């Protein structure tokens, strides 16, 4: 394994779920937590999500797939610069491309949402489906372009097509940008009215022309009752089954990667946010496996 | 500012949200926490709710109002006696009347529910709409008339008309008193069956003859999953969207004040109860603004 | 009270709710917590559930029964061996039979789910209705037959008929065993689709031929948002009202005992899981009282 | 037991340590927590201290006394008014006198320090030895005479002689009052310089003319490192061994009661403050037993 | 107040202790928390330290100074860039110089230790006395020059003379740099052997030729038992009295500023670290007041 | 690596400190936590101690050894039976002997103290030096011979010579057994009087005739102020520097293994107990390295 991109990999970490080196699912921890403006600590999420993943059930009832048979190939954590976000996005992108080049579906565990800029570019996705309380379409945040509130803007600027679901903490400028760039978003209020099936129908429509799809789960998309341990909890969110039902209806073999970001263990004393993060990874991988066995 | 009622104001506190002295919304912290019979600590809620209010989004999707443009005029905290509740109710009433006299809509952050006796009297409301797991219609609690379990009884005795929503921890004597005084209440079970629109219809009906309306959100009205950090959590509560949808349907320019009470930060390690409290303040103010621009 | 079965009773504990020695409801704490493979601490649940039971309302709105008039006869805690589970199951069974022989409905507060083997045998139930995220039908867990993951299997092997509701963390071997033994189970996904009334109808059907019914509430049946403090939280669970509605529809005077197990106070900093456990006890007792006054 | 003073006793609580009704040591829980101006929650201390008392060792190395042989007679908790401190002090006094009249040494577990006014009067002590970060000699606190900051002042006014040890959070007016009333106090800084033996010598001197001695341990006397879970932590306190060494040197059979107050379990997540409180009770009882077998 | 340096000041915050605008002590919150490599959260310390400062005693026994008479002039918080540390150091420096130019002694509350580069330069100190578990003399940390592990190195490079006390988590390269630059340091082990008086003597010696002295208290200098809530707890630290005794012996009117940094409230559930931070501020200000009335 | 003893090794875990496969120090996690009678959770200690070991400094000031150059060879965790302690002791012993046979010094991280029976037998030690609040010399605990309170008794019965330091929670029967078997113990009170040097002298004396020495650190030996997160905190313990000073004076190349046990992360919210555990491992390894380079 002499690929230069491995210089940024720390392999001495707890492994996710049941390890199986030949699994098509390549797990990557990305403990970056620099621009979290409210509650920091997402840096500990890769560690914690892997820990609780040892204890949950691996049979997906939604799909019938038993992930204990499929397993996960855990590549470890990206080694990060302490404060240079642009440098980190580059490192993440390189490690993600390394894993992707081996034919793996990339599963990355954040860290703050900014890491998704790196992973999406690394796996060369042309479309992103984002579950998020926020649109993350800010041009900048307090003068800074690589903030977690700007993730989808940065990707959109590089030609990646974006669709967002579950949003409710939104700025006026973001709505305008979304309109100008034809970025569809379905707020959490609309999801409640429309129901998962109609949301899935619209999403499938959006994804039709995509070749390489990436799904990002900002855990704050979920209601704080179910996912209290996030950097910026925002009331009136989605419930987990709605998110997983939508995912299960829209996913197919074009998905080249997905991530779970913004889990903040220090604000999650009951650990239910990390457990839910692990569950979302399992169900998404199982759905993908069931669609392309 | 030589009004004698200001003697009881401590202004050296963190301010709520974005400060704007000319805003029509006057915020008042009331850190009283004396009669909490189960879990104490609501004294810290004004401080905590203000802190988290710095980090949430200010654009209300329900109404289209951007509260960052409206802002809040925060008057600080009421200075309280350590154990004399009657004295404190009097002080709260005076400070509330001072703020009300300036043409502001009073937004008070408790503290235990007992503070509402003071604020309602201070703003001279003739009707109270209460979201609460409890009826708070006890004549006395262990021989004490100013307990948080007696709030609505004290107000009712002074001629204020009361309507209650979301109740489920109720005593037989309270039901009888409510009947005898024509105090309508809709339990959380009934809310689930009726739906927010029908509940709103009945509420609008009740409010028809009111001149000065006051809304009180005892946070225990909300289910403990969404609002665990309260003095007396009671299962089978309302979900936040139901509460906000009802509020949004019934509110109009007759509202002269509202409060959020019973948040107990020491039992809210994830801070989601305080975040929800701040959100309820934002949405209620935005709704009011949208109804009377 | 010279019954030899009392040797295993520690009476010097906090009592549940309002004590009334003549009540038909006999409370028993069973602080066993040995085989919890993930998060330990259910040993503290009897203590904590009794503590919070002092502070909740006793009038059941579902049934109109006021449990403060009925009260509870609290027998204290079973004295347990530090690591011999089989020995403990025997002790629990003996103490349970002692309470049952006095004509009491047994209410036991776990402890891990394994205690249910003892209480079911002690009260000589022929049918068990189990709310649980898991089927607990493992033949063994890491070579061990008395694990909490094997509870229903052990009971089934002794001829007790089982029905399960709310399951979602399931192994393939368990599904096969359930089929082979005609153990019906309704997953949490199915409960959501069917609704409480249809679930109740199927349950009543199953219970038709039973003589002595036992209900066990593994608190992980409930969604982690409502019951975070359990040994193995599993996303996508039931909400409390659904559980209580089903219970209220199916319960009748054949119920000889019930329990609340797997509450883990050290992972319940907001105490809402313990409060919900106390509430489930109150509502179930009230429903039973209303069905056989 | 028809004594009218028993009306205020709730016996349905967890018992302290090993119960022995004939023990000379009478335990009383006093969960009053009304005037705590900073961090509330001492109301839960009787419950918590009793819980952890089940798990500590009972052999006192300092004295050679094995308290598991002596045991404790736990009378339960005083039933308190929710906000009337004067009324509560009266109730506490009556229950304390009842226990004292039976020839027991009273051991009371607070609750805020104000309870000591009641217990000292109840056991008719003429001298109080107080370990406390504060002098508690305020005439009033915010206009209130029954605040926890006024305890020793109230007792001094009724002719009880006071000596204080470990103080460091002190007001100028308190120093003056202490001087004017010949109330000796040894600050924590002075204790460090003098050493336990010299402090004990001075204390023995002070106690010489006393007939009925009462010791009160305000847990904030101890340094916050050892006792973080108190209402008002104050740095630079005493270490536990120093406190216990002094106690052991000065105690004799004239001691008619002692208490441990101001433990605040909600600020004691590691429980070490409650464990230390239980330990202080054990060592003090053991020392008393060793001095008058 | 039209000074351009005020652009970076947020005044809408809770104020420290008792506010007195004319006090010679100017308080500044600096919630920067970007390079914390282990446990983040020091951004919340200014808020928390100010909150607990409301509840502690203001009379300093060490000096006889009553700080409630002196008071503090709290200027609020520095407004910071979310990730550009160099930019922030510049802002901090400007605001610090503004406060210093008004003749105030600057008291800054961090935030991570990196803020001290800004405050020291802002107040134009020529000497720094640092209490710290670490030497913070790294040339860089993972390629980054503005890390909290490099604070003293950056200052040393700009000609500021440094002395350090209480160190124990040290790298070999730091020892060499210290030697080469004649930076004296006294490890925590040496402090224990030498005693506060000898340490003070050596410090006074070092300070002899200084004109403008700055003291920085990295709270991790203190042992984790007394100060658990810091970013990088390191065992075998100093006890608080030793630190304050040394400070009291060496301080004089040449001190132009001091700070308390690295408090991390999310790892301080008992709040004793924040209380100790507030106490250190009080005692240092009192000592300074007593030396130059 | 086809040794059959490796069947019980799970290697997919976070590694301790800086990994170096050729290091003479072989780390082993032993997450057994079955007989903890008070506070469970030591099963999570291997995971947590390894996590915090990533963040502490590796240069030992006591010895001058830089452990980042030496590194650790982490073998992973022992795979354990969920409730059969005897079986687990056998597994632990086998894995320990495997590591020992490779010429490594075994460093095991518990888990409850019972694991030490397995590791001592596995490394064929003839002498054990134990730091512990307890003597662990019970013949049985509630009828059980493999309880954590019986560890040293079980070893003593197999001919291993024992010496104990820091004890204070002791039963009379243990004192008698210690006398009858010539097991020297120095209580924490005696350590305070004697000082580390005299304690070391006596220990060296005891160890004179030993060939293979094993050191076990039950973290409850340390005072709860420094190590709150243990299963059974016992006041009046040793301070960390005393323990490390004694260790450093007595250690030599005969030491074939050591362990840190009884850390309980769920009662250690500040993580200082785990950090101290990691530090003790570093200092002990460094001392050993310095004595036999």
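Per-chain residue numbering starts at 1, and chain names A, B, C, D, E and F are given in the order in which the chains are listed.
Simple rule for what comes next: contacts are C-beta pairs under 8 Å (C-beta built on N, C-alpha and C of every residue); 3 or more make two chains touch, one makes a residue touch a chain.
In UniProt terms, the chains line up like this: A, B, C, D, E, F = Agmatinase.
Quick caveat: nothing in here was measured; it's all calculated off a predicted structure.
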item	value
Chain labels contacting subunit D (Agmatinase) and also subunit F (Agmatinase)	C, E
Repeated interface matching D-F, over half of the contact pairs identical, chosen among B-E, C-D or E-F	E-F
Classification of the subunit B (Agmatinase):subunit D (Agmatinase) interface as same or different, half of numbers criterion	same
Chain of greatest Cα-centre distance to subunit F (Agmatinase)	B
Between subunit B (Agmatinase) and subunit A (Agmatinase), distance of the C-alpha-averaged centres to the nearest whole Å	38
CA centroid of subunit C (Agmatinase) to CA centroid of subunit F (Agmatinase), Å	39
For subunit C (Agmatinase) paired with subunit E (Agmatinase), centre-to-centre distance based on mean C-alpha positions, whole Å	55
For subunit B (Agmatinase), residues that touch 2 or more chains besides their own	37, 223, 225-226, 267, 269
Pairs of chains found to touch, sorted by chain label	A-B, A-C, A-E, A-F, B-C, B-D, B-E, C-D, C-F, D-E, D-F, E-F
Subunit D (Agmatinase) partner contacts - residues on subunit C (Agmatinase) that touch it in the complex	12-15, 19, 47, 51, 74
Subunit A (Agmatinase) residues within the subunit C (Agmatinase) interface of the complex	55-57, 59, 61-62, 66, 223, 225-226, 240-241, 244, 269-272, 275-276, 279
Contacting residues of subunit D (Agmatinase) [partner subunit B (Agmatinase), same complex]	33-37, 40-41, 43, 81-85, 141-144, 146-147, 266-267
Touch list for subunit A (Agmatinase) against partner subunit B (Agmatinase), complex	37-39, 134, 168-172, 187, 189, 192, 223-226, 228-229, 232-236, 267-269
